[in-house]
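Next come two complexes built around chain A: one with chain B, the other with chain C.
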Partner chain A sequence: MLVMVLIFYLIPLVMTVYLSFTSMKNWNVKYLFDLVGFYNYHRLFYMFQHDPSFKAIVLTTIVFILITLVVNVFGGLGLALGTFFLSDIVGSKFRLLWLLPRIAPIAVYSLVWYYFFHETSIGTLNSILMELGIIHQPIPWGQIIPWGAWSVIIFVNGLVGVSFGMIVFTSALNQIPKELVIAARVDGASAWTISKRILIPLLKWHLLYVLTWQFLSLLTTYCHLFLLVEWNLVNRDYGTTLALYVYNTAFLGGELDQGLAAAVILSVIGVSGGFLTLKLLGFEKMMKRPRGDV
Partner chain B sequence: MRDIETKSRKSELLIILTIVIASVPMILAFSLLVLSSFSEEMVTNLKSFRPTLENWINLFQGKMAITGSIRVNIFEITLNTLIVALGVAGLVTIVSTLAGYALSRMDFRGRKHVMIALLVLHAFPGVALIVGVYLLYKLTLPQDPDLMRFYSFFYVILARGALEIPMSVWLMKGFFDAIPWEFEWSGIIDGASRITVWRKIMLPLVKPGILAVALFAFIAGWQDIIYVRTFLIDQTLATFIESNIESEFSHMPLIAAAGTLYLLPTIVFFLIAQRILLQGYSGGLKG
Partner chain C sequence: MVRIRLENITKEFGDFKALDGIDLEIEEGEFMALLGPSGSGKSTLLYIIAGIYKPTKGRIYFDDGDVTDLPPKDRNVGLVFQNWALYPHMSVFENITFPLELRKVAKGEIRRKVAEVTEMLKIENLLDRYPWQLSGGQQQRVAIARALVKEPDVLLLDEPLSNLDALLRIEVRAELKRLQKKLGITAVYVTHDQAEALAMADRIAVIKDGRLLQVGTPEEIYERPRHKFVGGFIGNPPMNFLNGFADRGILRIGKSTIPLPKEYESVRGEVIVGFRPHDVEIGEGIEGEVYSVEHLGREQIVTVSVEGEMVKVIVPGDRRFEFGDKVRLKPKKIVLFDKKTETAI
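Let's look at the complex of A and B:
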């Protein structure tokens, strides 16, 4: 295990940081020792000020993370609470259904939404709206900037993230003594009152856990976005987050050195976020966290 | 939750209705994909559904276009996907069972640091790593074409497996933690070595854990697209779908059939391993 951690985490990490100080282009080894200092970082900053498409990417990253985070946390909370009040069998069926976005192959999941938001009348959404007579021309949803593209990527990734919060909250809810709920029920409290007054206050720690963890995940996720952008479903600039930008510069041609500088910045945010999470939640609690029992 | 005496049916129906409405787009989108694979053109409403098996026949014969002679071997592509998924599952299971046992039972120096490091690694942006991993791959790639293909499989399994290992080790450690020390002691007192105890006593007891870890690793390997398209020379179902969606000759319902085929094992797992799925993901995954 240590060897694998070394080969696939530590060495690549050092390489990435090192390469961000060289003028690496197109994986050409001859640039390997061409050190340029902080030039790439300077240029990234310059681009942020003057290049509209890079500006769009940074803006997209911020909007995407904030809104998707809210959707994920509250969607997960809503689902967990909702299924909590149902009988076990029905509840777990729903929870299982919402796991589908996470375990379906990424290509299939993206394909499904590709058909759904497709810009011609083949697209399910366009077809339904045209049938109902709400619109008369098919709308290229993902190409309306900025909010059309943002809505599509937030929707697609939001559904994936909901299941994480849902499962954490459900396992937490099941540990709450049932007497509390039943006593409140006897006193005539509705599901809504029970949730607001009893359950949510007891879930504070888990809310924090899901919030920080999901933030880190969203910061670094790019596989669904990669397909949506590549298939031209969403606008290139307003559908790309920083993580995807790094991948695209590295593997679809482009300014690799610059992407690497962005990667290092992302990593710094990610790692400090990771440590912050540990501090915030207390390591002792994290020790108990991944027990695998609900 | 069950408390029959005080449950009100009306509020339950309301909750079910709300969740169903929230789930409609997802159910609709997935079922349209499956339905389209049996139809002559993409199904957007029930009027355009004209049943046919042609897409599936063409897919298995490898006929990508209605006209022309572009051929692919879908069985080989599926096999490639399977190799990657099984490889990742095997690798992750072995490593995390060993490491999980060590972290759970042995009090070596730096144990706590290793565990913190594993958590932080999990929070680390994969995209920053993949660049370095790719450079390493470029530098070590053999020249011989046959060896190159083999190496790319080997490498993609290692690289994708490494991504899963931090969380799997944590999960396995949790399963080992749940087993009382006394079982192990009694084995050691009877004269068994540490390895024998691990193999004969501990392994059978953590079977559910091993199953869970293997299942998650398999799903991760099966669904992956980024690592496969970056490192693997051969095509898998993921890259097959990716590359055919924009090309001029591709027939959309046929891609839908490929997607359905790709989705199939996931659905099977979904049905047989519901409990494991709902439990194990509490360990946390990226996404």
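Let's look at the complex of A and C:
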């Protein structure tokens, strides 16, 4: 176990941090001992101040994570509660539909949205709107900056996260003894009151879990974004987050030093963000206090 | 307080018939036990009275009003569950006040009602605790307080004692019955424990496979089961059954014969003979061989093999029986059941 942690986790971590202080390019060992101190970090900071592209990437990362997170958590919660109150059969079929983003391979899933948001009239959205006479010219949704591009990437990733949240919340809801809901209904509580006063408080732990998990995964995922940007569906600057930037710079661009410095910053944000959420929502207290529902 | 009338209640879940044509009347202030094995449809019937399930067929009346289509909240029933279903994230006080809050009862009124009900159930010093800080018995009291605080017309209890340990259960059942009589509230009490039903109920409705087999006072159910199943389900140990043949006032069981009581004189043909372990004398009668003996202090349960069929008899503890002793059993009271339909003759 310890060896595994060492090989797969600790060594890459140390290497990443170390290399971000060198001028490593293209895995060329001649740069391995060329220590440059905080140069790479300084450069990132300089770019943030003066490079409009990089500024856009940072801004996109923040907006993307915050809004997608809210969409994920509340969308997933809403759907889980909605299907919870629907009859079982309808509910389970409806839920299956929402699993599609999880089941479909990333490329296939992204391709669906590529055609949906396509900038010409072959795009589903454009053709529907033109058919309805709402617009007369196809709109290049992903190229409208910043909000067009942001909306597309938030939408596409949001759906994936919503389905994740829904799965977690649904299974959590099914763990709650149904007598709690029956008791409340007999006392005259509406579905809304039952959700607000009983179900959501009992999902506190799961909310925290989904929130943290999604935060960390949004911070680091780039697969969908990579495809959407490569296919030119969304604007390159406003469709790229820091995670994708790290990938592009370090592995495609060959500027390992630069990319890894950004990766280190990303990791620091991730770790501190993770701890912060746990702290804010009283993780420790929750773990220590015996929970009443067990 | 209301009288409940169930008329031809049938409930189907898909293809499965959980309840089949239940007719039952529960008097105002009566303590009615729904007794039956697990899966017989007791909870389903209780949920239909509460309005959580809608019957597939049939009507429900509270007094003379048809409530079949009323949602649970308009029926004014209090419900207590086997697992008590206390809200784990709410304190005892919050749990008890929740039904009142939903009814938008004024703050002062809430405090007064909570004080009243918690005093009655002796839980007034637990108000700040959370459910996980309570013992099983305390949780059960809180659940009852929550059901009673809204002053329901009917109290519905679904196996509320089965999560308590045996000693506490016996203590609580006496208290619960006292409370019900004191309040004069109509109560429907679901249980699979025949001793509980006998001890608490004014009347017992025995349910099996979604059908009502018999309704009657504990004494009636015990003494005059209308169905072989009822006899075999009630009593500890339950009723004994032997195959016999009735002919002209004589009952033949294996090689032995005993006279038939007057009311069965005209019966002829194959029958099932039922008799209670308490209602047997050892003397002359049905031949058998002692199979085992269990001492219970003042009494002993002697299991006797009658041509391969086991019969339990309860006799005073001072007589000694040995394995293999030949004995003759004389049932003092018997009930005859039809061999095919298993209903009482």
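Keep in mind that, in the parts below, the second predicted complex is superposed on the first by the 257 of 294 C-alpha atoms of A that agree within 3 Å, B and C clash if a C-alpha of one lies under 4 Å from a C-alpha of the other, contacts with A are read in each partner's own complex, and residues count from 1 in each chain.
By definition in this document, a contact is a pair of C-beta atoms (placed from the backbone, for glycine too) under 8 Å apart; a residue touches a chain by one contact, two chains touch by 3 or more.
What you see is a predicted model; the values in this text were computed from it and never measured.
> Using the touch definition from the top, say if A:V264 reaches chain B (first), chain C (second), both or neither.
first
> Tell me which partner A:P177 touches in the superposition: chain B (first), chain C (second), both or neither.
second
> Scan A:L202 for contacts with chain B and chain C and give back first, second, both or neither.
The answer is second: A:L202 touches chain C but not chain B.
> With the two complexes superposed on chain A, say which partner A:L100 touches: chain B (first), chain C (second), both, or neither.
A:L100 sits against chain B, while chain C stays out of touch.
> Decide which partner touches more residues of chain A, taking chain B and chain C as the two options.
So, of the two partners, B touches more residues of chain A.
> With the two complexes superposed on chain A, say which partner A:V186 touches: chain B (first), chain C (second), both, or neither.
Once the two structures are laid over each other on A, A:V186 reaches both partners.
> Of the partners chain B and chain C, which touch A:I135 in the superposed model: first, second, both, neither?
Touch partners of A:I135: none, neither chain B nor chain C.
> Where on chain A do the contacts from chain B and from chain C line up?
Of chain A, residues 182, 185-186, 290-293 contact chain B in one complex and chain C in the other.
> For the complex, which residues does chain A have touching chain C?
Listed in rising order, the residues of chain A that touch chain C are 177, 179-180, 182-189, 193, 197-198, 201-202, 204, 290-293.
> What residues of chain C sit close enough to touch chain A in their complex?
47, 50-52, 72-73, 77-79, 81, 83, 85-89, 98-99, 102-103, 130-132, 146, 150
> Can you check the complex and tell me which residues of chain A touch chain B?
1, 4-5, 7-9, 11-16, 19, 27, 29, 79, 82-88, 90-92, 94-108, 111-116, 121-124, 127-128, 131, 159-161, 163-164, 167-168, 170-171, 178, 181-182, 185-186, 190-191, 213, 216-217, 219-223, 226-227, 230-232, 243-244, 246-247, 250-251, 256, 259-260, 263-264, 266-267, 270-271, 273-275, 277-278, 283, 286-287, 289-294
> What part of chain B is in contact with chain A in the complex they form?
1-3, 6, 11-12, 15-16, 18-19, 23, 25-30, 32-33, 36, 42, 44-45, 95-96, 98-99, 115-117, 119-136, 138-139, 158-159, 161-163, 165, 167, 169-171, 174-175, 177-178, 209, 212, 219, 222-226, 230, 237-239, 241-242, 245-246, 252, 255-256, 259, 262-263, 266, 269-270, 274, 277-287
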